[in-house]
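First chain A sits with chain B, and in the next complex the same chain sits with chain C.
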Partner chain A sequence: MSIEISAQALDAPTRTSTFRLILRNPLSRVGVVLLVLVLCALVAAIIMDWVAPDAPWHADLYHLNEAPGTNGHFLGTDSGGRDVLARLVVATKATMFSGVIALTVAMLLGLPGGLVAGYYGGRVDMVLDWLSSLVMSLPSIVVLLAIVSSLGTSMWISMTALGCMMAPAVFRLLRAQVHAVRNDLYIDAAKVAGLSDTRIIARHVFRVVRGPLVLMVSVMAGVAITVQTGLDFLGLGDATTITWGGMLGEGFAAMSANDILFVWPGLAMAVTVAAFFLIASGARDALQHADGGSSTPARSTATHLKPVPASAQAAAPPGEDEILTVRNLTVGYPSGEDVTEVVRGASLTLRSGHTLGLVGESGSGKTQTAFALLDLLPRQAMLMEGEVWLDGTEILRLAPRERTKRVREAIAYVPQEPMSNLDPTFTIGFQLVEPLRARGIGRAEARERAATLLARMGIRDPERVMRSYPHQISGGMAQRVLIAGAVSTEPRILIADEPTTALDVTVQSEILDLLRGVQEEFGMSIILVSHDLGVIADLCDDVAVMRNGQVVETASAEDFFARPRHEYSRMLLDAVPDENHVRPEYVEAPSPRRSAKTGEIHR
Partner chain B sequence: MSLLEIDDLVVRYPGRRRGRKFTAVDHVTLDVRPHETVGLVGESGSGKTTIGRAVLGLAPVTSGRIRYDGKEIQSLSRAQRRPLAARIQVVFQDPYTSLNPAMTVEDILSEPLRAAGWTRSTARGRVVELLDQVGLPTGAADRFAREFSGGQRQRVAIARALALEPELVVCDEPVSALDLSTQDRVLQLLVDIQERTGVAYLFVSHDIGVVRHISHRVAVLQQGRLVEFGPCAQVTSRPEHAFTEELLLASPVADPARQRERRALRQAQREHVSTTPMSPITIQRRVP
Partner chain C sequence: MVMILLKRLVAAVILLAAVCVVGFVITGIGDGNPARNILGPEATNAQVAAENHRLGVDRPMVEQFGDWISGVASGDLGNSYIGDQPVADKIAANVPVTMSMVALSMMVIAGLSLVLAVASVYGRKSVDRVVQSLAVIGHVLPAYLLALLLLLVFAVKLEAFPVFGYVPLGESPTEWLRSLVLPVLSLTLGSVAGASLQARGSLMDVLEADYVRTLRSRGISGRSLLFRHALRNAAPPWLTSLSLGFVAMLGGAFMVEKVFALPGLGALAVDATAAGDRPVIMGMVLLTGGLVILVNLLVDLAQMWLIPKARTA
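Let's look at the complex of A and B:
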C-alpha cells in the first residue's frame, strides 16, 4: 500500500515564503512602495551629507517664504530662506535614526527577557514580569517629558528612554508566545535529542516568535517616529538637528507668512508611518495565512443551503421499515472556480429500530454525511444532488424552515468531544432543562424529567450532577449527560459521531452498553459514525463503508465482518491488529549486537 | 542483563491545593532488555506516559531509581544527560505538535546529528539513509513537516528517533492519532526496524490490541500502580489480575459474534465484582 506516501502527494506546491505572502497583500504592497520612497530619501540624505553638507543650512535672506517651484526651490523656502526640499530630505536621516535607537533599545531589553521568562518560567519570569508591569504602569509621555527636561534634549537620551518604555510590550508579546509553545512536544523532542537550552531557544522558539515580532517592530517603528516628531514639534528636541518634528514646529510658527510650510514635514511623516502600518497589517494577514489559521466556518442556518435543483424529481418513496433513506447524496465546497465534492453520490438506509454503522478513515466524508442529515453543514457547503427521506417525506425539497423543524424533531445528535459540547458557564441541570422548557414543559416537571433521565443513564447522584458545572465531571459522565440530553426530546433517530473515541476503553464499553439499552427502551434508530471496527462490531446491525466521499460497500454487520466484498473493506479489516499473532518473549540471540561506544552493529 | 531498569519509581506532582500532591507513578518496578519491546498499557491517568517521560528526563522523579545500562540516570542534569541522547530516543503521540512546523524535514532529522557533532555534509548523507529506512522518498527532505499527512509525519518522527542509532526508543502512543490502515503500516515499520537494528522499545499505549501486537512483554498499569507484568501471551491471554481482564474484555474486537460473547462475559464479571468486595491492588509481580 503506498497511497500514503505517493510522490504526487509530496508535490503539493504549498511553499511560499512569508515575504512573498506579505507582498501578495495589496495594502502592504502600497506600504512597501511608500517605504521604498522613504528609503530613497534616506539614501539621498546620506549622499547630501557627504556632497553638500551646507545645503540645508544655506539661508537665502532675499528669498524668504518662497512658493514651491520658484527660483529653483522645488518646495519653496522657509521663513529663514532655506530650501525646504533639502531640509526635508536631510531630516529623514535624523527621524529614522531616532526610530532605530528606540527600537534597538526596546529589542535589546524585551527580546532576551521575553524569551528567557517564557521558556524558563518560575522566578526569572516573576521578577521580569514585575519589572515590565512597573514600567507599563508609568505614564510614558509624562516620564519622557521629565527625562528630557532634566537630562537634556539629546535625541539619544529621549529615544533611549522611549525604547525602555516600549520594551515591556516586546517582552509581553514574546513571553506569551514562548509560553504557548514551551510545552509543545517538539521542544521535548529537542531536549531528548541533546540540544542545549540556548540552541532550543534560538532554533525552535525563536522561529515561532519571529512572525509576530516583525509585526510588532513595524508598528513600533511608526510609534517611535510619531513620538520623536511630537517631542521636536513641542520644541523639546535638539535644535541643531534637522527633523520633521522641528520643521513642523517652524511651519506652525510661520503659519501667517507661509501657510503651506507645515504641509511638507507632515506629509513626510504621514507617508513613513503609513508605510510601517500597512506593512504590519499585511504581515499579520500573511502570518495568519501561513499558520493555516482559517477560522472554523460558521454553521449555516438552513436557508443558506443551496437548493437542490427542482427539476430533479424525487424517485419513489422507500419501504415502510426504512426510517431514513439517503439516495445519491452529493455535498460540495466551493474551491476557487471549481467545487470540491466531499460526499459523492452516497446512498444509505437506516432501518427502523436498527443501528447503522458508518465506517471510514479521516477524510472519507462520513462526518460530512452525518452533518448533511443533521442539517448542520457549514455555510459554504452546497447540497448538490440527492434525496433524503425521513419517515416517508423527502426533506431536501422542503422549504428550509420546514426541513429544519422536521430534522430537529426527529433526529438527535451525540458528538465526539463531550466536553466541548457542554457550555462551561452553565450548570449541567440548566443545559438539560432548557431544551425541555423550550418545548413548553413546566420548570419543575422538566427538572424532574432531567433527573430521571440522568439516573437512567447510570448516574448515581443525579441531583448533584445537575448542580455541577461541566469542568467538575469526567469525560465519561459528560457523554452520559449528552446522551441524556439527546434522548430527552424523544427523537426517533440518534446520530452519534465517534461517541466513544475520546474515552477510555472501560468507559467506552459502558457507553456502548448504554446506547444499546437506550435504543431498546426508546425504540430509537441509531447511526453510529466510527473509525473503530471493534465499536462497529459491538453495536451495529448494518454497516456502510465510506472512502473518498463514496459509499463503497453496504452490508449487514455479519456479512461485512465475515465476507467483506470490497477490496477497501478487506484492507480495513486486515489492518486490525491480528489477535492470534503474539510475539514470544525475546530470547537473547547472538545476532546483531551493537557496540555501545561506536554505535556500530556487529554481526 | 537489562538495558533499562526502573526500580520502585515514584513521580508526584504538586496538586491544585497546597500541600496535596498527585501521585502519577506509584512504586513501579519494571525493566526492558536489549532488542525487546515492553508494552505499557493502561487508561488515562494510569501513569504510563509519565513513566516514559521519567525515563527521558522530562518528568521529575520523586523517589526510586532508573538505571540505564547499569548506571543511574534519574538525577542527571540536562547537560549530564546529553551523551544519553545517542542511546535513548523518543517518538511522541501527536505527529502534529512533535515536529516543528516551520522546519524542513532535513532540518528536523539533522538536528540531533548536528547536536552530536556531525558535520553538515555527513549529516545530509545520514538523512537520506533515514528517509529510505522509514519509507519516505528522498525528495521529502526539502519539504516542511506541515506539508505531510499524519502517517508521513510519524515516519519523520521515527526517522528522527533513529538518527543516532539509539538502543532504546520510548514510543508514547505512536499510532493512536493515526487512521487504522496507517496505524497498521507504522506498527509494521517499527517491527521491521527492530528486527533490522535490534533497537528496544518501551511502547506506551492505551490500546491493548496494539500493545499485544507489538510487545514481547506487557506491563499493565492502573492509577499509577503496576498491576501485572509478564510475557505478552500470558498477560493478554491468561491475565492474573482482574483489571487486566476487564481491559481485555472492554476493548472491542472486529467480530460481532465474538463481541457478543465478550459482552456477556463482561456483564457476568461485573455482577461477580459487585457481589464480592474488591481486593486492593497490591500485586507487584516481576518476571525475572
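Let's look at the complex of A and C:
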C-alpha cells in the first residue's frame, strides 16, 4: 500500500524538479553523501556475511584493546580482541533492518487509520483517536521493557512494538491533514465531478500530506535506530546479533581500559541518523518550495523605516488648519530582490475637526496608508519616500522613538474586526486601564475613567463588561469597547479602518452615530477608511480615493458625490446600488416569468 | 470550570485503567513461568510448579488482574519475584534519583527554550543558528550518546564532575547538584531546541495578531506587549510540546542513568526486565503512566489559567 501511495504522491506536476531541488540544498547533499556511505557499509555487511562470516567474531586474545591502525586493525580491536571495523560494518545490517521493521509497522497502522478517521470522522474517528492517545500516554521505554520481559530480546518483536508506539504520530498527522483537505471546497467539487472516494484521497490528500510525511518518516527512521541502539546498550538486545548498541555497551563497559571504543558505534549511529535528518530537512524545504508555500519566511533584513532622503526636505509646512498632511508617501515590501510598492506617492490632507474618508476597493493601499500614519507598519515594511506633517512637524524625519511618541499621543486607532483586536487572555477592564496606566494615571482613576467611557459608548453595565473576557461579549459590544479604548487616551486624531464592515447592519448605524457623537464631544479629526460609499457620504467632509496604491482624487464630499472628476471615482459611484441607478435596470432586465395563477417561477 | 476538570479527571482515570490493562496483557503474554527464572535450571519441575502456584501465576489472567488491581486500590503493588520485597518500597527507593534528574531537566528546558525563543524573535540571527545547531544535535545524538561523550570528557578526562554515583538532596545539596549536572546536561542539550522552535513559532504568530497591533497603537510598551500579552497567548503549544518532551525524556533518562551509574528507576526497570519480574514492571507501568497523565492534566490546568476561553470549552 505504501508503495502505491508514494507513487501517487510523486505523480504531482512538480515531480521532476523535486529531486533536483533536494539535491540543490547543501544540507541534503551532505545527507545524501552520508546515506551513500551507510548503504556502502550495508552492502559490505551482506558481502561479508557470505564471504567471511567469522571475521567479526574472530577473537585475538593477544591483542586486546589495540589502538586504531595497529596490526591491520583499521579501527583497532575491542576488549575481546575482535576487529572493531568488521563488527561495525556487520552491525549496519541489523540496525537498518530494525529501522525498516519499525517504520513499516508504523506506516501500516498509521496511514490507513489516519485516512479512515480523517475522511469519515464520526465514531471510527473517536475510537481510533482514543486508542492513539492511549498509546501516546504510555512511555515507549516502559512498554518496550514490558514486552522484552515477557517475550524475550528478539529484535523483531521489540521493533514491531516500537512501530506500534510510533503509529499514533503518523495517524495524527494524516488525520489532521485529511480532515483539513476534506473540508476544503475542491474536494466537494471533485465529489460532484463523480470521482470515487479513493481517487479523491489519492489525488488531493497525498499532495498535501507528502511534505510533512517525508519529514516524519525520516525523523522516525532516526528515532527507531536510536531506540534500538539504546535497548541494546541497556543490555536488553539480542546477544547473538552484533549491533551498534551492543558495541556501545561493550565500549562503555571497557571505558577504563579503552576509552574511545564506544566512539565508533556512536559515530556510526550518529552518521546514519544525520543522513536521514539532513535529507528530510532538504526534502521538506524542496517540497514546500514546489508547493509554493513559504511557512518559514526569511527574516527581513530591511530596516523598519528607512530614513527619508534629504532632498525631499524642500517642501513647506502645511497650512494652519491642516492637522495631518501626507505628501508623496510610498510604502514598500521586499519581495525577493525587488520591492513591491503598496502605497505609491499618496498625498492627502486631514483638516482640523473634520472627517476625511479614504475610499477604494480592497488592496488599494488604504489600510497600509493608515498603518503608516499610525506608525504600525509590520517590521518588514519600508517607508521609502514622503512626508507626514503632524501638528506642523514633519515626523518621518524624527528619530523613531520620538516619532512613535508623538504619534501615540496624537493619533488613535479603531480597527476593522472587533473580536480579533482584543487580547483574549485579559479582561476588557484590564485592556482599557493598561494604556492609561502607561500614561501615568493612577489605578483607581483609570478604572473610573474606563467605566465612564464605556457608559458614554452606550454600554449599560460597564462594571460587568469590564470584568468580562472578550469571548464573553458580542461583536458590536467589542467595537464599542475598542472605540472607548481609542478615545480614552484623548487623541486629537482618530483613524478608523472599516469600523463597521464586520458588524450586523443594525449595529453599523449605531457605531457610526457613536463616532459622530465622539467627534463632536472630543473635537477630534477622523480619517475613516472604508469601501462603503454610504458610510462615507454619511460621515465625511472630505474624500480621498485610492486605487493601486495611488490617491487618484481628493475632493470635498459634496464635490465628490456631485461631480466626481476621476474616471475611477465615477466607476465607484456607478457601482453603488441606489434607487436611481440599479433598480430600474434590474426591473427592466429580462427576468423569470411568473405564472399569474400559481406564483410559480418559470425559467 | 469545575465540571471540565472533573470530566478530564474521569477521562484520565479511565485512560490509566486502560494503560494498566494493556501493561498487564503485555507482561502476561509470555510463557508465564517466573518460578523457573527464580529457582534456576537446577530446580525440579515440581518445585517450579509449587513456586508458580505460590506466586499465583497459574491462575487465569483475569483473576490475576483483579487481584492486582484491587491490591493497587488499597496501595499494595504486590511483592517482587526477586527477594520478595514490596514493589512499592523498591520503587520508592529509586524514584528520587530519576525524578530529581527529570524535574531539573524539564525546568532547564522550559527556562532555556523561552529565553532562546525571545532572543531569537527580538535578537540576532546568531541565536537562530545556535538553536538550529542544537536541533541537529538533538536529532543526531540521543541522550545516552551525549551522556557517554560528556562522561568521557568531563568526568574521565577533565575530572571536573563525579564519574558516577548519586548524593541525596538531604545529604548535601551542592553534591546533589554536582552529581546531576552531567545527566541533566545530557537530557536537555538535545531537547531544548524543539521546545524553543515551538515557542518561537507561536510567539511570532501571536506578535502578528491584530490585538497586538491594536495594543501597540494604544502606546503599550514593547516589553509589556512581549511579556504580558504575547508570551501568555503563545504559551499553549509550547506547554504541549513540553509535556510530549517529558514522555520522551523518561526513555532517555533510563539510559543516562546507566551511563552515570545512578540508582534510579532505569536500573530497577532494566533488572526487572532481565529477570522477568512482572510485579515490578507493572509498578513501573502504573507509575510512569500515572505521571504522564498527571503532567497532561497539569498542562490542561495551566492552559485554563492562562487562556480564559479554555475554561468554558
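Just so it is clear, the second predicted complex is superposed on the first by the 349 of 603 C-alpha atoms of A that agree within 3 Å, B and C clash if a C-alpha of one lies under 4 Å from a C-alpha of the other, contacts with A are read in each partner's own complex, and residues count from 1 in each chain.
By definition in this document, contacts are C-beta pairs under 8 Å (C-beta built on N, C-alpha and C of every residue); 3 or more make two chains touch, one makes a residue touch a chain.
Note that the coordinates shown come from a computational prediction; the quantities given were computed from them, not determined experimentally.
In the superposed model, A:Gln508 makes contact with chain B only, not with chain C. Judged by the touch definition given at the top, the superposed model places A:Asp321 against neither chain B nor chain C. In the overlay built on the shared chain, the residue A:Met136 is in contact with chain C alone; chain B does not reach it. Legend: residue contacts after superposition of the two complexes on their common chain; A:Phe252 is shown touching chain C, with no touch to chain B. By the touch criterion defined above, A:Arg207 reaches chain B but does not reach chain C. Of the two partner chains placed around the shared chain by superposition, neither chain B nor chain C is touched by A:Glu445.
When the two complexes are overlaid on their common chain A, residue A:Asp461 makes contact with neither chain B nor chain C. Contacts of A:Glu490 after superposition: neither chain B nor chain C is touched. Listing the residues of chain B that touch chain A in their complex gives 33-37, 43-44, 56-58, 69, 78-79, 81-90, 92-94, 97-100, 102-103, 111-112, 115-116, 135-137, 139-140, 143-144, 146-147, 149-152, 155, 157, 160, 163-165, 167, 179-185, 187, 197-198, 206-210, 212-217, 231-233, 236-237, 246-247, 249-257, 259, 263, 266. Considering their complex, residues 15, 18-19, 22-23, 26-30, 125, 128, 136, 139-142, 144-145, 148-149, 151-152, 156, 208-221, 224, 229, 232-233, 247, 250-251, 254-255, 258-259, 266, 269-270, 272-278, 281, 284-285, 288-289, 292-293, 296, 306-309, 312 of chain C touch chain A.
Against chain C, in their complex, chain A makes its touches with residues 133-134, 136-143, 145-152, 219, 222, 226-227, 229-230, 233-236, 248, 252, 255, 259, 262, 266, 269-270, 273-274, 277, 299, 374, 376, 378, 408-409, 411-413, 415, 417, 420-426, 431, 434-435, 438-439, 469, 471, 482, 485-486, 489.
On chain A, the positions that touch chain B within their shared complex are 1, 4-5, 7, 9-10, 12, 14-15, 184-186, 188-197, 199, 203-204, 207-208, 292, 361-362, 504-506, 508-509, 512-513, 531-538, 540, 557-558, 561, 571-579, 581-586, 588, 591-594, 596, 599, 601.
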